[in-house]
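Each remark here refers to the structure printed beneath this line.
Chain IDs A, B, C and D follow the sequence of writing; residue 1 opens each chain.
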C-alpha cells in the first residue's frame, strides 16, 4: 500500500501538496508543518522581474471564503534562485515552481532560468495572469493564450509542466490546448474572480479593487471541473480549491485528480497536510487499495448519466 | 425620495425582487412575505412541455452555500398559465416569467404564449440551459447561443426581455450579444457549476450528479461581474447572487445594478425582502439620494484603476 | 385549526438530554394552532453558517409547552445541543399538512429520528382517548431514555424494540409492529427511507400514513428541493406532505 | 528566549468582561517562552466559519497565566465573547518578532484595541523595574475598566485619556502622551492607522517602535496578505513585524 504517485511527470511521495501562494517560497513552515506529509512543495508565483504586488488591504474574509489581491508580489526569478536555492535544494522532495509573466516570452525566460536549476522538479504555469498585449484578458481565458504560453515554455525547458487554470465555461477547449502544447498535467482551479464593496465608503474594499475567491465554496466548482475534465480527457489532474478537511482531498481523487493542493485551508490549519496524509492512508487501507492510483476517478465507475 | 426604478423596461416599485426558482410560481408566500417589499415577482423557469426535474437528492448544503439540482421541474407553459393566471394577474405588481427551452424555437414558443398574457410584465430568459443540439453546451456560454435565443424570443414578443447569465470569463461578449439582439437588461448571475462526492458510496451526492452553487460566496463573483459589465456597458443590470443581508443589496446597486434578486437568502429568511427594502430606504435617506437611480454605480466614481 | 406559517422568535425553556444522542428542546408557546405531523423550520444561527434552516416535527405537552425531540446527526443538530434556556430561536411554523384527525385505533411506528414525528400524534391520541400503540425502534438500549418526559408527559402507551435486544423487544421496530398491527385499523410511520420502504412491502394492505424526512431548502413550497415522484405526480414533501398516504408513495422514490 | 511557533490546544481559565467592549481571556500556560509584542493566531471555531484565525497579542500575568485582552469589533471577537472556562482553543503561538528588550525609560501609547499590544510590554517593564508610563486612550469612559486586573495585576503605571473627557485626561491619547514624552527616551505605539500616522508626524524625532495590526491571512509569513511597503522594501507584518521601528515606516502605507 503506497501513497506514492507519478503526477504530470513528477514522482510524488504523497498526493498532498501546498497550493501556490499560500506556502511562501517553500520552507517558511518547516517548524510548523510535518513535511513528510507533502508530496512536493509548490512556491508562490515567480516572474521575470520583481513585483511589489498590490496595495493594502489585500485580504477580505467572506462567509466561508477568502478574497485575496496579493497581486503576485515576488522578488523576481533571479533573486528567487539566489535567495532560496540553498534551502530548497536541501529538501528531500520535489520542488514545483509556479511561474507567470506578462507575455509568452516572459514566461519562457523565467522557465529558461529555472531549467538550469537541478532542484526544480517541475513548473506550474499560472495562466490566470492578464495578457498585457491582449487588453488584459487572462492568457488562460482563450485557446490562443494558452497555446502561446505553454508552447513558449515547452520550448524553453524539458522539465515537467503543469498548466494551472481558473474556472471557465470553456475549460475543455483550454485543457485540450494545454495538453496539445505539451503540458504534462493540468491544475484545477485557481481562484474565482471576486469583488466586494464597502457601503460606507462606497468604494471596493480591496486596495486593488478586484480579487480572487478561495476557500471551502470553491471546492465544489473545482470538483465539478476535475470530474468533467477527467471524464473527457483522462489526463493527469491536480485538484485545488477549498480543501479544509481530509475528506475533501479524497473527494478530489475520486473525481479524477492524481494529487491535490491545499491553499486557504492550510493557511488556517497548517496541520491539515498531515491530517490529509493520514486520512488518505486509512482510506486506502480500509478500501484495500494498493495505491492512490487505484482510487483515481472512482466516482466515474457507475453507469448512470 | 423614492425606491421606484425602471429596470429593463419594467417599472419596479422597489429594486428588491425574488430570484427565479426560489419563489415558486409567485404567490406561495403571500402569508409569509410582505409583498410591499417587492418590486416584482419572478417565477421559476417555465418550458414548453412539463418537466419532472431531477431525482432526489436535489439539494446539498455546503459551507455557506447551497448546491441544487432541481432540474427545472415545471408544469409547462400551458398549465402554468391555466393554474396561476388568476392569482398572478391579481397581484398589484409586475410579474416576470423566467423561461427556458432546449432550442431557440422552444424559447420562442414559450415567449409567444406568454406574450398574450396581459399580466406578464417581462420575460427573464434563463440562458444557463443546455443546448441539446450543440452537445449540451449551455446557450449562454457562447455568442451564437445567446444571439440565437434572444433574437428568437425578441421576434416573438414585445415584452421587456431580461437575459440571465451564469458567470463566464467571456461575459463581455455574451452581454454584448444579448443587448444587440434586443435584450432590455441582463441578469447576473445564475448559479456556479458544482459537484460533490460522497466518499463512502464513492458516487456524486446529488441524484443528477451535477448541480449549481448559490448562496453567500456567489455574491462576490456576481458583484465582480456586475461591476465589470456596468463599467463596460452602462446597461441595465439586475444583480443576483448570495444576498443574505440588507447591506448586500446595497453593494449590488453601488456596483451598477438597478435592481437585485434574492434567492437562497430569502428561502432561508423570507423576512429578508422587507429588511432589504427598509434598509435601502434608510440608506437613501441617510445619503440624501432622491432615488435608487442616483445610487446606481456609485462605486465607480473614484479615479484609481 | 391550523394557523398559517409565521415567523416566531421562540424563547427556549429547556434543552434536556434524553438519551445518548437525543435532546428534547422546549419553548414558550406563542399560542399557535397546529396538527401533529406539522413541522417548524428552525434557524440554527444568526450567521450564514449553517446556512439552511432545519425541519423538525413539533409536539405539545399537556401544559401547552412546544417541544422538539431531535437526534444529533450533523452540524446543525450538534450546534442545537449546546443551546441553553433563555436563548431566542427564529422559527417558521407551523408548516406542512400534518396528520388528519385519526378516529380509529392506530399503531404508530417510529425509527431513529423518525420517532420524533410520532410523539405529537401519540400525545394527541392519548389526550383524546383514541386507542393507539407507539412502537419505538433504536439500534441499542440507551439511545432514547424510556423514562424521560418524552414518553412520560403524558405517560404514553409505548413499546420499545432494539436491534441488538439490549432493551425491550429484540428486533427491528417493524418486527415489533408486526406483533401488534392486527389490533389496529391504521398506522402512522416515520423513519429512515429503508424502514419506510420495508413497511410498504411488508404491510401492503395496512392503511398507513407516512411522514417523510427529506432534506429541505425552504420548507415553504417554493424551491422544489424536496419534491418526489408519487402515483399522483410530483409532490413537495414540505407543503403537500410531509404526511402522505402509503398508497400514493412509490418506494423507489422515497429517497 | 522565543520558542518557535507551535500548535496548542489551550484550556480557557477565564473570559472576563473588563469594559463595555473589552474582554480578558485567560489560558493555562503550556510553558512557552515569548516576547511582548508576539502574538497568537486563534482559531475561532472548529467549523469553516469564521474561516480565518484571528491575531491577538499575548501577555502573561505575574503568576504565569497567558492572557489575551480583546475588543469586540466583529464576528470573530463577538463569538469569542461567548467562550466559557474549560473550553479548549486551538492557537498557533508565539508568532512575530515582538519587542526587543527595552533598557531605557519608555512611554507606551495604546489606542482602542491597540492597548492590548502594550500590556505585555508594560508588564515586562514593570517586573524588570524599567521606568515606563502606559498611556491608554479610548473614546469615552467605561470602554476599558481601569480597576480590572488588566491594569492591576501587576498594578501598572498607567494614565487614561478619553476623547470626551469623561474619564482621566481630556483629549486623545497623543495629547496625553505629549505631556509626558519628554521624560522618556523611547516609545512603543499601537493603535488605529490614523493614530499611528499622527504619532509619526507629531513626534518625528522620538525613537518609537510601532506594533501594527493588519488583517492577516496566515500569520506565519506564507500568504503575503499582510505585506506593506516600508523604507526597507516590502515587509510582512506577521513575521518581519508586527513591531517595526518608526523610521522605516511610510505613513501612506500604514493602511
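To be clear about the criterion, contacts are C-beta pairs under 8 Å (C-beta built on N, C-alpha and C of every residue); 3 or more make two chains touch, one makes a residue touch a chain.
As the structure is a computational prediction, the values presented were derived from the model and not from experiment.
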Third chains touching both chain C and chain A: B, D
Chain whose Cα centroid lies at the greatest distance from that of chain A: C
Distance from chain D to chain A - Cα centre to Cα centre, in angstrom: 36
Length of the line joining the C-alpha centres of chain A and chain B, rounded to whole Å: 33
Computed distance of Cα centres, chain D from chain B, in Å: 47
Interchain centroid distance [CA atoms averaged], chain C/chain D, Å: 52
Residues within chain D bordering two or more other chains: 47-49
Contacts with 2+ other chains: residues of chain A: 63-65, 215-216, 244
Pairwise touch network: line, ring, star, complete, or other: complete
Chain A to chain B touching residues, read off their complex: 62-65, 67, 138, 141, 166-170, 192-197, 199, 202-204, 209-210, 213, 215-221, 223-225, 227, 244, 247, 250-251, 254-255, 283, 298-299, 301-302, 304
In the complex, chain C residues that touch chain D: 47-49, 75
Complex contacts: residues of chain C adjacent to chain B: 4-7, 43, 48-53, 92, 214-218, 220-229, 234, 239, 253, 255
Touching residues on chain A, where the partner in the complex is chain D: 21-24, 28-29, 31-32, 44, 52-53, 55-61, 63-66, 68, 70, 73, 215-216, 244, 264, 267-271
Contact footprint of chain D on chain B as seen in their complex: 63-64
